[in-house]
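Both complexes below contain chain A, partnered by chain B and then by chain C.
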Partner chain A sequence: MTDFLKGYDIQYWLESAPQGYLMETEYGHGEKEREPELVLEDPTLREQAIRTTVQLVVGERCALAASSGLINAAPDEASKRFLATQTLDEARHVEVFTHRLYDLGVKKSELESVISQFANPHLVHFAEALLEKVDQKDFIAGVVGQNVILEGMAFNVFEMMHAGNKEANPKFGHTLAGTIADERRHVGFGENRIGGLIREHPERKGDIEKLQREMSYHMLATFGDSFRNGPSPEQVGQIMREHGQEPQASEQEWQGVKLGQANPEELEAVLSDTILKEFKIRLERIGIEYQTPTAP
Partner chain B sequence: MSHEPEVPRKRYELEDTGFDEVPRKYRKYYRRWGGESDELAGNEVLCPVCKVVVRSNREVREGDRIYCMACMTRLRVVRVDGRLEGHVEY
Partner chain C sequence: MSGPAEHDPHALTPEAFRAEVHSFEFWFGAVQGYLADRAYGHRVDAKDAAPEGADRDRLVTALCNYCVGETAALEGAGGLIEVAPNRPTKIFLSTQAVDEGRHLEVLIHRLRELGVEDPEAEIARRANPSLLAFKRRLLELVKGGDWNAALFAQNVILEAMEFAVFHQHAAEADPITREVLEGIIKDERRHIGFGENELGRRIKADPGIRGHLALVRRELDALVLETFEEALASLGAPASAREDLGRSYRQTVERLGFA
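And then the complex of A and B:
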C-alpha cells in the first residue's frame, strides 16, 4: 500500500511531468511551433479553432476550481498532495489553452467576452453542478464528477483531437499530448480512490449513480454541439483550395475512422460510442452501474 | 494453469521506447499503445485505465501483479478468451 500511495508524491510528479514530458516546452508546445497559417488566415477555421479552445478553457477552469476545492475535503494526506499536483496541472491547462486563444488572435482585453460568447451552455451547467458538490465538501461526489465523469470523458476527446492534429497542427498536437499525459494520472486517481471508497461505503452507490446520470448528460450534449458546429471535410477542402492549397486526404485514424475524411455526424457518432463504451467499462470496474442520462 | 509455473519464464531485454511520462529510471517499463492493431508481446499488458502498455523484463503470467505508474493503478493479470489482460485491484 505504501508503494502505491507513493505515486501521489510531489517528488513523483516532479520527475514525471516538469522533468519528463514537459521538458523544453513553452506553454505546452515546442518553442518554435506555431499555429498553421491557414488557421490564422481563414475566418471559418479560425473561429472553429477559437470555439474548440474556449470549451477547453471552460472545462479546465472548472477542473482547476474543483481540484483545488477538493484538497480540504480529501480524507487522507496522500490524496491532498495528489490533488495539489492536479491543481497545478489544471492551472497549467487553463494557461496553455488560454495562450492558444491569444495565438489565434484573441486580444487579452476580449478574452472573457470571447469565452462568454462561445462557451457551451451544457458545459457551464456541468461546471455549476460539479462545483456545488465541491462547495459542500462532498469528496466522493466531487471526485466522481471531476476525475471520473469530466476527465474520464475528456480523456477520449483529447485522444481523438490529438490524433486529428498531430500532423495537421503539431503545435496544438504537442499541447494535447502533454494534457493527455496529465489526464492519465487524474483518471487513475479517480478510479482508484472511488473504487476503494465504494467498497468502504456501498451506501453511497445510489447517490453516485444519480450524479452520473445528471452530469453525463451535459458532457455528452457538449460534445454533440461541438461536432455539429464544425466544418465538414468538403468545407475544409474548399477553404484550402481558396488559399491555393491542395487538400490531401488525411490517413490519420482514430477508432477505425479516418479523421480528415469523416463528416461531423460520423465524428460525433464514433466519439459518443467510444466515450460511452469506455465510460460504462470504467464505471463497471469501480462498481457503479451506468445510468442512461436524462435531459434535466 | 497447474503446469504453467514449472516452465521457466522467458526473459526480455527492455529498451527505452521514448515513453517520458514516469520518472526516468522506470521509463523502459512502459510504452505508448498503438491502438487495437498493436499486438502485445509476452511481457506486456495493457493498462485498461490509461491505455499505456506496461512491460516486464520477464514473461507475464496469469495471477501476476503489476503496477501502472503512468496512472498509479495496481493490476492483476488474468486470462480472458485466451488473452492476458490487466484487471484493476482497488
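And then the complex of A and C:
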C-alpha cells in the first residue's frame, strides 16, 4: 500500500498539477480565452451552457464536501494527505465552474437561485446519499461513492464534453482538460485504495454493491436528463444561421461518433455504453460485481 | 497568477481580504513563490548536515510531535470545511487542508532522511500526551460545529503554537530542517491571517463572541503550555527557553487581538 500511495503524495501533486498542467492558467483556462460570442448572445445556447455548468458546480460541491469529510475517516495518514490534495482539486473545480457561470452573465447575487433553478434533482439525491455515508465516517462507501461512482462515471462525460468543446469553445475545453487530469488521479486512487480494503473486508462487498446499484441510477438519470434538455444539431444550426454564421459540420469524434452531427439520443446511447463498459471494468478491479442500476 | 508571492493579508480590509485571499488562484500564486524549486520542503541540492547521536534523537522526537500537530491541523481543516459558513471560506480551507497535508508529508520525509524507518510507529511512540489531548479537544470542537470556537482553536491557538515553536526551532536547526520549517511558517502566516480576519470581523458584528473565545482559550492554553513544557523537557532545553516560548505564543495570540 505504501508504494502505491507514494504516487499520490503531495510532492507529486505539486509537480504535476500546480507546477504542471495548471501553469499559465487563470481560473482553469488561458488568461486571454473568452466564451464564444454566440454562446453569450443567444438565449438558448447561453441557457444550455448555464444548465450544464450548474450540474458541474453541484457535482463539484458534493465532491468538495465528501473529500474533506473523508480526510477524518481515512484509516492511514498517506490517504489523509492524498484526500487533502483531492479536497483542494475539488475546491478548484467549484471555483472555476462558478467563475464560468459569472462569465456566462450570472450575477453573483443570483448565483444560488440559478443553481437551485437548474440543479438536476437526481444529482442532488446522489449528493445527499453520498454525504450521508461520509457523515457516518464510512471510508469504503465514501470513496466508492465519490472516487469510483461519481468521478468514474463523470470522467467519460467530461471527456465527451472536452472532445465537443476543444475547438468550438477552447476556453471551456481548456477548463475541462485540467479537470479531467485531476479526475484521472482521483479515480486511480479510488481503484487502488478501495481494491485493497475490499480484500481486507470481504463482508462489505454486499452493501457496496447495493450502494453502487442505487447511486449509479442517479448518475445515469442525471446524464439522460442533460441530453434531453439540450438543443439538437439542427437547432444549433438554425441559431447559427440567425446570427449570420454558416454551420459547419464538426468532424470532432468521440467513441466513433461525430459529436457535432449526432442527435441527443445517439449521444446519450454512446455515452451510456462507454460509461457502463468502463465502469464495469473499474468495479471488477476493486472486486465488486456490477449491479444493474435500479431506482432506490 | 493573480496572487502576489509576498503579500501581507493583515494589510487588507476584510472585504478585500475575502475577495482576494480565499481563492485557489491566490494560494496558487503564493505557494509558487516559495515551493517552486523545492522537493519535500527543501532545495534538492541542499547539503544535509543533520545532527548526530543524542541531538539527532532529540530532533526525531521534535519532528514526531510536529507530525502530531500537523495531523491535528489536517483533520481539523478537513472538518472545518463542512462547518464553514460560505463557499469562499470552504475554498480557503481546502487550500489550508492541502498545506497541512504537505507539512505532514515533508516532516515525515525529513524523519526518513534522518533514518527513521517506520515514522508512523515512531510518532505513536514519541507523541506528547498534552499534544494528543489538544488534538482530541480540537477535533471535538470541529465536530461540534461551533465555527467561532473551532476556527479559534485551529487557526489562532494551534497555528500560533506551531508558529512560536517552529520559529524558535528554525533559528537553531540544521540547514535542511530549517528550510522545511521556514516553508511551513510561510503557510502558517496565511492561516493565522485568515483566522484573525474572519474572527475579527465576527467579533466586530457580535462582541459577545469575545467572551466565548476567552473561555476556549483558557481551556486550551493549559494544554499548549504543558505541550511546550513536555516538548522542551524532552529536548533538554533550559528553563529560559520554555519561558521564551510561552511568551512568544502569548504575544502572538494577543497581537491577534485575543488577549
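Convention: the second predicted complex is superposed on the first by the 293 of 296 C-alpha atoms of A that agree within 3 Å, B and C clash if a C-alpha of one lies under 4 Å from a C-alpha of the other, contacts with A are read in each partner's own complex, and residues count from 1 in each chain.
We take it that a contact is a pair of C-beta atoms (placed from the backbone, for glycine too) under 8 Å apart; a residue touches a chain by one contact, two chains touch by 3 or more.
All figures in this text were calculated on a predicted structure; none of them were measured in a lab.
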Which superposed partner A:168 touches (first chain B, second chain C, both, neither): neither
Partner chain(s) touched by A:27 [first = chain B, second = chain C, both, neither]: second
Touching partner for A:269 - first (chain B), second (chain C), both, neither: neither
Chain B versus chain C as contact partner of A:72, first or second or both or neither: second
First (chain B), second (chain C), both or neither touched by A:192: first
First (chain B), second (chain C), both or neither touched by A:94: second
Overlap of chain C and chain B interfaces on chain A (superposed complexes): 19
Residues of chain A defined as touching chain B within the complex: 3-4, 7-8, 12, 15-17, 19-21, 23, 181, 184-185, 187-189, 191-192, 195-196, 199, 253, 256, 281-282, 285-286
Chain C-facing residues of chain A, complex: 9-11, 13-14, 18-19, 22, 26-27, 61, 64-65, 68-72, 76-77, 80-81, 83-85, 87-88, 90-92, 94-95, 98
Residues of chain C that touch chain A when the two form their complex: 1-2, 23-25, 27-28, 31-32, 35-36, 39-40, 71, 74-75, 77-79, 81-82, 87, 90-91, 93-95, 97-98, 100-102, 104-105, 108-109, 120, 139
Chain B - residues contacting chain A, complex: 20-24, 35-36, 48-50, 52, 67-74, 88, 90
